[in-house]
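Okay, here's the structure, questions in a sec.
Naming follows writing order (A, B, C and D), and every chain is counted from residue 1.
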């Protein structure tokens, strides 16, 4: 019984895994060394590792974004929140503050942003896209206010280690993304939060009538998104050892939303899977890395991206899936 | 055999959904000018038959002939073009459009290519006047009660039906007067030669207006009979495949008035919502709420359950003053509420039956104390058995269940919280006779164990059958309360009409 | 009152260099007692046009524009001309048939900048074969197009210099680093790469980090040349991790103020193009340049 | 008064109050020149926002708007440079963008995929197509084109009503008529209200979806022409993020992003409100890049709060009025 259900769970993930496989295979086709890995100083190196490493910020964003989208919302502010968190961290680190304060302050800034969004959506009942658009615009300004428009660089090795060190042979951002995803998945699935998020996303009114604390759950979802964005902001700041308030996380909200959608969570809320959103983030990054490795002129980047996304769409569309089941069924005796 | 020629002929219709054979080679014949009841238990396949016939679902096999010509409507617009007007079971109108737009969607009168708003409003008003509905055609549909929406849906379908009118449980929240208006219309159409398919769980209505009945069970055809040759018992037996004990009509009112009230409301009301009212509800007691359409019964229920907070008066639970500011607060006090509008206020459509059943219990426990999977399975299994919820799988999204089974799952949701006070707004809406009896038996048992109950129903008979006391509403105000021997159909009707009690 | 009011339609603050230009302009205005109104266009031409229209409506004494794109200015500048408000183009010039629409343009020559970088590389490499990877600016932006053009022309006559890979790093550190990482992977762990040419310093700084993380030495194993001369690249040069940068001065407003002052005083017509210098900086002066620029608001 | 019109009235009220406040601070803002500029400068956003209104009313979203505007400009510039007559180029490009929108609509319907990704792919595609045509910014100099671009009517005290401004106004009027006075318009609302119900009521869902995105494509193309007339050039990086501006204008104008509720006229006010914010920030002129962003965001927030406040107040008044009527009747 349980086995059957688990198998069905895997079956549900099939389109995403298939998509990832297709994109990776395409990368291999344009760049034969794509799967080469080598171990150096106890850390793995190779294009595949780059995909994981570079995909980490979007993957981290997609964790929070999944929850928000599952409540039938959307968080456009994550890119700006990344910039704020990065600006706070870099400024404090450049000031020589201890690392726990640096990281603590950045995460607190992210949490505050998330709670603000949650407040607008849950309490003031402002449409999520507009509510978070406000912070998307303002947030980047706030980040620049913190850095005074400059790229603030720092030398603190402890902060740099957030991106530069490694664990289990993998770059730290990957470890952080996976750990965060597991914690988040555990948080929502080992408690009833996941169920309530889904219930609210499907029918907020009915859920409220059933006694679900819709406001609290919404706040929790947006807060998670804020914190995740802060973590992503820390990662990119640590990576370039500086905070670029204007460009950090620019347009990454679109990538994060795309990752969630590729991961199979509907923009109309409801059923969600954090781990599949990670797969979605990997698909996007594998696509980006593939474009870089291919050596096509940069003018082609967007066209290639458009074509690949279209193919993914077709592959994952319910219509095509139905066709596939139909063909399979008519094959059977 | 039968002199009237067949208008709509269905042969060997089959339809499967993953895990269910919803229709298994079903035959159905509708003759011109007849009113034909389509009957069966919850989940028997009635709605599916209608949906396949009108192009909502593609059929897996079989044949549909209209006037002897095989048809295969690709979508509902196609069915409408064939002259089939349908009211689907769930109110399927558009709450964001105006009443007039809903009536004429897709066929608005135009002048020079533009919608002729004035004419549309006029036509709409005329159409609605036939049903005694004096709503503003320009008002947004969603502002109206379920009953009004249902009348609009009926008016639309009737207007669309050139040959066939299909009504899937249209009377569920209509009061007796509205039902009579509907029946007059239906009879008029039948007299004009239109064939009417009528799905209902109210057997009285079947005997009142139907000429013939087709009964389904588990997706299969049981048989077709002329109503005149049929007794009530026969019909129930056909539907259930067994006999139903008639013991359900006992009533137990007046037995437990001595206990201390569980809930008492004094001057409890909200401006522009419900006029202040006094009400006491004792453990083990059933309080019925009667009134006409729009009399404020649903609003009263929402006020008591904290959907809207009261702005006057006080509420006391177990002798303690309480504030019922939200459904959450109400649930914490041990209240439960099955709303009338199950699609928008009740079910969480994409979630499974199990999750829907445990939702309220989980909400009350808080998100930090999840109900373990095993326990949830056990709870769901218990209620599926207890209420006979027909589903192929407890993980099936609840929106795929038949209407009556959704209703049962909602009842299960609150029963699972072991509430002390349950508010049911039109609880038997869409529930079949067999299940109806089961549910009433269950409620009586719960009342014996001390549950307090407030039941809103448009069926006065039903209210009389199980209420200890009856609250009568008019114009959003409580206008009377009947107890003891006064609880009778006649007494209630009088009170509603506003006549002084003898 | 003879205090001049000048409206400055700035592109935005998309890079450290741009921020420096804004702050230097403010400093220069203050020095001269000019009331400078800066409207930030957030990288959008339509916002710049709106800003210019509003400056006209407010009746400023002169308008400065740092045009985000070369085309599309004729109408709005004609309006300024009608209102007899002189316009000075900063930092980039525009594409127009009627050059009476603006008083003068204070700009660097971005094609020339690319050429300076290319010539330096050609001279440094000599006759040895050299595979170059290029980090382009934002696709379609004029500095990216021109800096590519200038560089390509400069190395065209040197058959030993070859651009083997060219991708866009969007003028940012993060993308510069990511693109460089993939170049290293694609070119045999970076062993095929002899030099990196980046369209701005920020991308180059990202590239330096990527090279270091791949276990190579930027500046030694791979030659690093870029454009802008922001403080951080001098720091990298002083640490031996970068080899050359071409200056794009952030002080465009200073000369422009002087032009306006002269014009207002006695109608002196300035030359149509005031070109700022595109100086090449090498590691030898890196330390002092870094100190000098640190506080400039980069 | 119809409850449906309340959000619109609230939005107009907010706009007028804000404009009045701004004039108190900067008297110049009351000039016809500023008003005319408001129309001219926001013309392309306005035209595109009409399309976005239909899309959002139907419960969808179109992220390709900005990229299609850029594509239109580049296409016009390149083809006119190659010798095509501007009018022919207009017709051609409108046909292309309309077809492009229709294809996106067909994908959304046939593949049952969310509009968000389909139009995101469309955005990449259109922007990428610009780069393939040319990465340069190409000026458009053609006598016919220049003549059209410079059409304008003087209005008293210095303002000029330009052709592009008029195009926007006309688009809004036609858009409003289509939305509120045609069967297609009602079908759009129906789709946004509840797709399934609409289908059950016989609305041709597929055809309507395709038509909606085709319309949005057409209007994006028209906005692109307006933008090209406005700048007399085509540039592949222009109009980035305009899709968000249009969405914001639509939503500020009182349309629900979930679909089914809203008005075209509201969108017009939404566009004006955004333009007003921009104008105000420029008039102030002392703001740094970051304070500009913060102030824009804060003003946006203030507008939305005011709108909410007005709506809540109106709802309360209505409720009380109803209660009063009831008491009177009793």
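One rule holds for everything that comes next: contacts are C-beta pairs under 8 Å (C-beta built on N, C-alpha and C of every residue); 3 or more make two chains touch, one makes a residue touch a chain.
For reference, the UniProt names are A = Simple sugar transport system permease protein; B = Monosaccharide ABC transporter ATP-binding protein (CUT2 family); D = Monosaccharide ABC transporter membrane protein (CUT2 family).
The shown structure was predicted, so the numbers you read here are calculated from the model rather than taken from an experiment.
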Go through B-D and A-D and name the pair with more C-beta contacts between its chains.
A-D
Of all chains present, which has the mean Cα position farthest from that of subunit B?
C
Between subunit B and subunit D, tell me the centre distance in angstrom, where each centre is the average of that chain's C-alpha atoms.
43
Per the C-alpha centroid definition, the whole-Å distance linking subunit A and subunit D comes out as 30
Between subunit B and subunit C, what is the gap in Å from one C-alpha centre to the other?
71
For subunit A paired with subunit C, centre-to-centre distance based on mean C-alpha positions, whole Å
33
Where in subunit A do residues touch at least two different other chains?
144, 149, 299, 301
Would you give the residues of subunit C that are in contact with at least 2 other chains, written as numbers and ranges?
12-13, 19, 22, 139
Which positions in subunit B touch two or more other chains at once?
none
A full list of chain pairs that touch reads A-B, A-C, A-D, B-D, C-D
Inside the complex, what are the residues of subunit B that reach subunit D?
56, 75-77, 79-80, 86, 88, 92-98, 101-102, 105-106, 108, 110, 113-115, 117, 138-140, 143, 156, 271-272, 475-476
Touching residues on subunit D, where the partner in the complex is subunit C:
28, 31, 33-34, 37, 40-41, 44-45, 130-131, 135-139, 141, 149-150, 227, 230-241, 275, 278-279, 281-283, 285-290, 292-293
Could you please specify the touching residues of subunit A with respect to subunit C in the complex?
31, 33, 40, 45-47, 50, 54, 144, 148-151, 153, 164, 236, 239-242, 244, 246-248, 250, 288-289, 292-293, 295, 297-299, 301
Quick check on the complex: what are the subunit A residues that touch subunit B?
190-193, 195-196, 198-199, 202-203, 205-213, 217, 270-271
Sort out for me which residues of subunit C touch subunit D in the complex.
7, 10, 12-13, 19, 22, 37-40, 42-47, 49-51, 53-55, 57-58, 69-75, 95-97, 138-142, 145
